[in-house]
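Report on the structure given below.
Per-chain residue numbering starts at 1, and chain names A, B, C, D, E and F are given in the order in which the chains are listed.
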Amino acid sequence: MTKVVTFGEVMMRLSPPLNYKLIQTNHLDIIYGGGEANVSASLAQMGVPAEHVTCFPANDLGKAAAQFFQQYGVSMANTVFRGNRLGLYFLEAGASVRASKIVYDRADSAFANLDPAGFDWEKILTGADWFHWTGITPAISDTAARACADAIATARRLGVKVSADVNYRRNLWQYGKKAQDVMPALVEGCDVVVCAENDADDLFAITPDPAADHSFVSMSEQLMARFPAIKQVITTRRDTLSASHNQLRGLLYDGESFVETPTYDIVPIVDRIGGGDAFMAGFIYGSLTYPSASEALLCGVAASVIKHSIHGDFNLASVAEVEEVMRGNTSGRLLR
Amino acid sequence: MTKVVTFGEVMMRLSPPLNYKLIQTNHLDIIYGGGEANVSASLAQMGVPAEHVTCFPANDLGKAAAQFFQQYGVSMANTVFRGNRLGLYFLEAGASVRASKIVYDRADSAFANLDPAGFDWEKILTGADWFHWTGITPAISDTAARACADAIATARRLGVKVSADVNYRRNLWQYGKKAQDVMPALVEGCDVVVCAENDADDLFAITPDPAADHSFVSMSEQLMARFPAIKQVITTRRDTLSASHNQLRGLLYDGESFVETPTYDIVPIVDRIGGGDAFMAGFIYGSLTYPSASEALLCGVAASVIKHSIHGDFNLASVAEVEEVMRGNTSGRLLR
Amino acid sequence: MTKVVTFGEVMMRLSPPLNYKLIQTNHLDIIYGGGEANVSASLAQMGVPAEHVTCFPANDLGKAAAQFFQQYGVSMANTVFRGNRLGLYFLEAGASVRASKIVYDRADSAFANLDPAGFDWEKILTGADWFHWTGITPAISDTAARACADAIATARRLGVKVSADVNYRRNLWQYGKKAQDVMPALVEGCDVVVCAENDADDLFAITPDPAADHSFVSMSEQLMARFPAIKQVITTRRDTLSASHNQLRGLLYDGESFVETPTYDIVPIVDRIGGGDAFMAGFIYGSLTYPSASEALLCGVAASVIKHSIHGDFNLASVAEVEEVMRGNTSGRLLR
Amino acid sequence: MTKVVTFGEVMMRLSPPLNYKLIQTNHLDIIYGGGEANVSASLAQMGVPAEHVTCFPANDLGKAAAQFFQQYGVSMANTVFRGNRLGLYFLEAGASVRASKIVYDRADSAFANLDPAGFDWEKILTGADWFHWTGITPAISDTAARACADAIATARRLGVKVSADVNYRRNLWQYGKKAQDVMPALVEGCDVVVCAENDADDLFAITPDPAADHSFVSMSEQLMARFPAIKQVITTRRDTLSASHNQLRGLLYDGESFVETPTYDIVPIVDRIGGGDAFMAGFIYGSLTYPSASEALLCGVAASVIKHSIHGDFNLASVAEVEEVMRGNTSGRLLR
Amino acid sequence: MTKVVTFGEVMMRLSPPLNYKLIQTNHLDIIYGGGEANVSASLAQMGVPAEHVTCFPANDLGKAAAQFFQQYGVSMANTVFRGNRLGLYFLEAGASVRASKIVYDRADSAFANLDPAGFDWEKILTGADWFHWTGITPAISDTAARACADAIATARRLGVKVSADVNYRRNLWQYGKKAQDVMPALVEGCDVVVCAENDADDLFAITPDPAADHSFVSMSEQLMARFPAIKQVITTRRDTLSASHNQLRGLLYDGESFVETPTYDIVPIVDRIGGGDAFMAGFIYGSLTYPSASEALLCGVAASVIKHSIHGDFNLASVAEVEEVMRGNTSGRLLR
Amino acid sequence: MTKVVTFGEVMMRLSPPLNYKLIQTNHLDIIYGGGEANVSASLAQMGVPAEHVTCFPANDLGKAAAQFFQQYGVSMANTVFRGNRLGLYFLEAGASVRASKIVYDRADSAFANLDPAGFDWEKILTGADWFHWTGITPAISDTAARACADAIATARRLGVKVSADVNYRRNLWQYGKKAQDVMPALVEGCDVVVCAENDADDLFAITPDPAADHSFVSMSEQLMARFPAIKQVITTRRDTLSASHNQLRGLLYDGESFVETPTYDIVPIVDRIGGGDAFMAGFIYGSLTYPSASEALLCGVAASVIKHSIHGDFNLASVAEVEEVMRGNTSGRLLR
């Protein structure tokens, strides 16, 4: 059976209930999440054996975070418990014209201070089918970037498929190296990348040919030329009509053909966080399950659309529910 | 003054808060409801004396369920406390493309095991104006079906008007008899039935004449021909745009004329459960109060539309609020 | 630096959680608010020194109410603690077609029984730039009306700008005087008034010239003719599509030109109460900050629109968030 | 079958959760209660038909309060809905050395303004076995006192037993009459009174003979001499070791013998309010059920002791649970 | 490394918050637990690899229950998902003189209907050190009893130590066989049994010699004579001073010496359920870790004592916390 | 009128509800507190003008923390908003034998990185009567220690009384300096110190004369000899019977006489945190109000005892409530 491994930081997410603001509340709802771990959790809920690898502090918060993922079926068998603090962030849920707002408090976390030698990638990845990472990990610290590079190298050597959500966040890169210097070597080892035009521009100075029919295809062609290992470039297009109403579709280019899914209406949005990770998980599930890339892409988008109706960072919908949305049934009719 | 009697099972409804899923929650909100009891509760809130008859287990859950209905003004004076368990169901509230989902745990309930001899229908129905039942009751068990038949027969004898929501749910019929064999004899005693085309097809093999102007009218004509006691056939048409957005209108045929209400937009939906029961209660209230059937129908639809904005299974809006919606005022403007 | 002073009653607001009705709930959420105090709170959150003056009962509820405003940065230094009860009201939040509903219990409050001699307006208003009151205050009691008149007179004498939201609520005027007799003398001392056509008609028997291009301009011209101190007449136009969906725009006439803002869509509405007060606070902030009246008006509308997405009576959004909406960005895109 | 009728004001009780103080909380738990209505509710829970008569405001709060009592099985059939406000009080639950604290807001309630002609006591009390009132009712207003006098007179005429908890609260008597002038005529019509030495002193200037063996007996003898209708004087002795730990026993004198129950330890106290009312209800239940007065007294104390372990104003324990405590089993051993 | 396997039913536990009663509440807190699974959970929290084997219904409730145990580190790898319903029970937490109260609704559960052939005990127990079961399992159904017998037989064959909490509950044995006929054969295969004098009497007609120094020793000697495989008999003595205050100590007899721990005071009790299971888990942990049986016994008692201060069925305290209590430090001094 | 100034770090405190553990909860209750700021808050609640000076991060958490103290009447006028993170800690409330447990996450906070030049102590302390600091502040960072030294020096120069709770926490001193090197110079400027024997030993190598009558007096004499500015040495003695039950008394030595208060029983403990700060605040209040040091000491102890019955870090009891406990009334009798 297939197995997917993900690697990246997990943070405690603290949110006021409902749409309250931080300055109004005496209560916070807490969950634990991270861009890569969320992919494992969503996959585990779809029945795919999934393991997340990270570094947690050796205290009750690290224990609580690990237990949170275990609960959803994610293996934490190779997670290291070392260091002092769990990164965290405070999330205010917006509504209507008011945007959701995040206050990060993640500096100097156990993950940022991880020891790359602490992970036995050979052991972890043996028997795995897929390894997934994101551009957030190498942005956090030099050691995190090195652990990521080790994992990618090992995966390639073992023939494990590698995917990355390049996810460029300028303000995360604080440890002295530049994304533009670090990311290319990592992306070189990837089979699949999630990358939009602005990311390609920021990270690789790739700009679509203005004369091209479709900017995404033009960008993808250049990206694949630069990084020959890449076989698929995917992304989502999100129209943010309001904090409560988005529209979403998926795009894929595989070097030969360009696929675009229908646009899905999402209203109201229950929880926006993890939407991209659910897309990735759905795409991985679909790639491992369905015959065509267009089905995998549709699966990613459908999973992401449903995720927006679920509290927390994970897509907890069943495969049957995702496939219903893939078939175009978005009516939400009561199931008795 | 008028009095309405209803008969049927009451279950405990357990729902995670907000839009949480069962696998995410440590808390459940509980209420008690049932398709027939909900009609009594909604009527009691509109000021109509209403009594619900059922069988509860002789334990604290039965007591809690009875007290829940007493609170809303429903008489439980002839309810029997006997047996072991209260049926229950778990309800996850959907949102957007995600459907609400129900897990039933109602087998072998006190109601399913009721003793038909335990109800003195002569006493219960004397002085009543209206008796209401649904197709769920005879589906539960043979004894429940027999108690229902007794009640209908007694009602007819005493000149009490009888209504039924035929409500065919295939997976409920588990005790060895078929709906198609049981229901006709029961429907024979009804003055008013809630029945849509698919119910008529499933239960009575009645299919609309394809050449008819309106399938509902065609079906109703055949239904009334088969069951001459029926004077009115009613139903609602629901367009499920999403779990958060429905549209609703009502249809009525009385053997002579066909009435259709305007279509009401319901967005957002606060609680979908009990929408049909609120329609029935509104229709009964309207039939007892307004001169015309079209007003009764409009009252049913307006009551149902408002119910979707109220937590729980009952329409707790006042008659004044319902009549405001009947007049077409759906603006929801703040009342100081 | 500028300072704004407001004067008026503060009540405890008690609401069932979510969209529950009073007859369904065992829990009430409480906050404290009032049409004038809300303006101070919203201004304080925008960084403007603001003081609210009121009379609280000399008990724990008065203390709690005062502390609530202190928390949001409003000075309560000149508030009087005397009398027996805090006015209160119960608020059921509507949804969709169901209107929000208020049950008032404010009679005979400490504020209604205030002693006008208890406020040293000379001291309070010295150094202030702006004094704001509303038509609710003189409606409550004769002593409240007198205190309001004292404050207005003192403000004029000290050169403090005066604004009023005339806010005519017929059922509040219970103490024997008529709004039509009391209000003119108070409005005479105002530089800015919030007044819609129906208020002008009810209070001052001013009706727009039917031949006028714009009824608001016609009304404003007459109002300014009657009360020469008035330099600006403003108001909002609200289209109530449902309890969950409103549209809003602002209007201003300054004796020369008429300004109208774009119409903003508000869906879903998190909390409707205080929308008008946030408009007033935004307008005052804008008047004190931006060069043009049209910017001040736009600021008022933007602040009000955002307020509808915030629980409670206050606009807790930052100036940056308000200005984003003023620039037309209503997408509510996640802020990391 | 027996039926008990009670008469008195019902208030909304608003408490911060747990041991929070009013100045700390955003949430209030609400229930409805009153010294007399609590007796009916506790009796209804013990299976005794009970009706409470009161006057509620004609608004949603009055409706909510009535429904609260209906839920627990109390008939509200003769309650009048008239007037403007429901009395309310805010309750902070103490702990350890910190006392619980009440802020009353009950002036000018619908009950205080009741119309004595609104109650048809002949109809209400016909068929009843017991009528219970307390000294709080005549303290509230002249009309309340008159309605109480009417009820007592009617009860006597119809041969209905009358009990009173004289419950003297000095600060309640605000309407111009003195307890000392009003109470004697009312107590004259009572068969059973709850009265401690301090009440007897305050209300009737009765002081125990210092030479007597037992002050309670001495006081009771004088009380019975003054009011010959009284057949039993009862009271509880409460030792308040802390807000979390009390000790309780009951005393009874019937003109011949003096009975005292064992002392019960109550720790921790879940909810102190309604302890006296549960005693009264238990005593009434016991008087109607057991052969001896000493059993009735013990039933009252046991009911009161259990009530302290139950949230809210009512004793919701079953008769079986009360009798277990009467038998001296206070171990609280888990019941499977 | 050691591994412990447990087998038995898991139920959903539904409790009103705080000390509320079922007839008072709209909310239930839910967890999942069972006498054997609780042992695994407590062991997993102490760092011992633990697996629980059970049969869950193939629905969201079964999934939620399994995830609940996964969260706390219990392997559910060999749990079967088959059947229709999850057993459940409603728990009211008592206080002071009021006992906690349970309403069971566990009949006809997926576990009761399990297929003994569905468990591959050879595979499950290979490599395990300890297998634990309780007298509840054979009480549930014939198939459950047979699966239990299979497991015990396999464990013996594989040299896995077997323990049982004989836990006789008369009212559970409903399927036609008697405990007295079923239990002896099962207890025959046990190395360690938890058994008090009343259990021995009820199940095995063993009564202590009245002349013996200690009834527990006398009973144990007879038990060990009858079942020669038994090497240790243990139990706890609980003094139930009130629902909030218990005292606990442990007893052990190993055929040669009798050990008794000090008595621990437990006040207040946060949650009584699972106290015995925590004792068993502590004893197993201690047996696997410490050199002497008396330390194992003390560990069991200390774990149980701490468990009473923890919400839910599990002992979530760390080994360090348990050992602190074993050393006699019960001061609960703040740990910074 | 008097004014008290305090200086020190404020952290966000995050606690699971009730007695839940971090690994069990999805919700955290949040408040803000710090050993010095708590003194200001408790004083402000007793009516003493109080200002707390600290450094908060320039984000929504800093704003929320400041508003939390404003709410309780503490001036934050000279607090600096600069830096990145708010220190925080997670608190599990213990019960019975289980200790409360804290996980700190306070490293590298805005306060630790404060700029000593950012505080204008001359301005802040002019007009103040009392300045209070604790040994936690110089433990945090070198800049914090320097700011503390500046404040003490300025206070002395301006004739402001200085108190310190020396509060030695070994594991806090991480920045390279030792408490033993830093503290003496700071304590030299103090008039009043809270210091127990172990603190004196750890910090100043002062050990009580074994032959002395009372170790506290012996220690105090040596302390006052070493630091001649000290006029009073005070401390509390706490007997920790369990996490739910403590006993407390206060000790004072003023160079001439030794005073000891009665011992107070505290059971149950609602919230242990802030007990020492409430003692300090009560002592300061008492010193400013009562004629004798023994009354001030008693006031400190009484305030601390009541604080243990209040959620959060502050003593929110009124002066009247504190004085009631000072008079020995600890019965917690209901106040109507």
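Side notes on the structure shown:
Convention: a residue touches a chain if its C-beta (ideal position, glycine included) is under 8 Å from a C-beta of that chain, and two chains touch if they have at least 3 such contacts.
Predicted model only: the values in this text are computed from it and were never measured.
Looking across A-E, D-E or B-E, the pair that copies the D-F interface, with over half of its contact pairs the same by residue number, is D-E.
Residue numbering at the chain D/chain E interface overlaps only partly, since under half of the positions present are found in both copies. With centres defined as mean CA coordinates, chain D is found 63 Å away from chain A.
Centre-to-centre separation between chain B and chain C, using Cα means, comes to 45 Å. Each of residues 21, 23, 26, 67, 72, 101, 268 in chain F touches at least two other chains.
Residue ranges on chain C touching chain B, taken from their complex, read 18-21, 23-24, 94-102, 104, 169, 171, 240-245, 268, 272.
Across the complex, chain C meets chain D through its residues 14, 21-23, 25-31, 59-61, 63-64, 67, 84-86, 88, 90, 92, 101, 103, 105, 107-108.
If you check the complex, the residues on chain C that touch chain A are 72, 264-270, 305-306, 308-312, 316-317, 321, 325, 330-336. Taken in their complex, chain F has these residues touching chain C: 67-68, 70-73.
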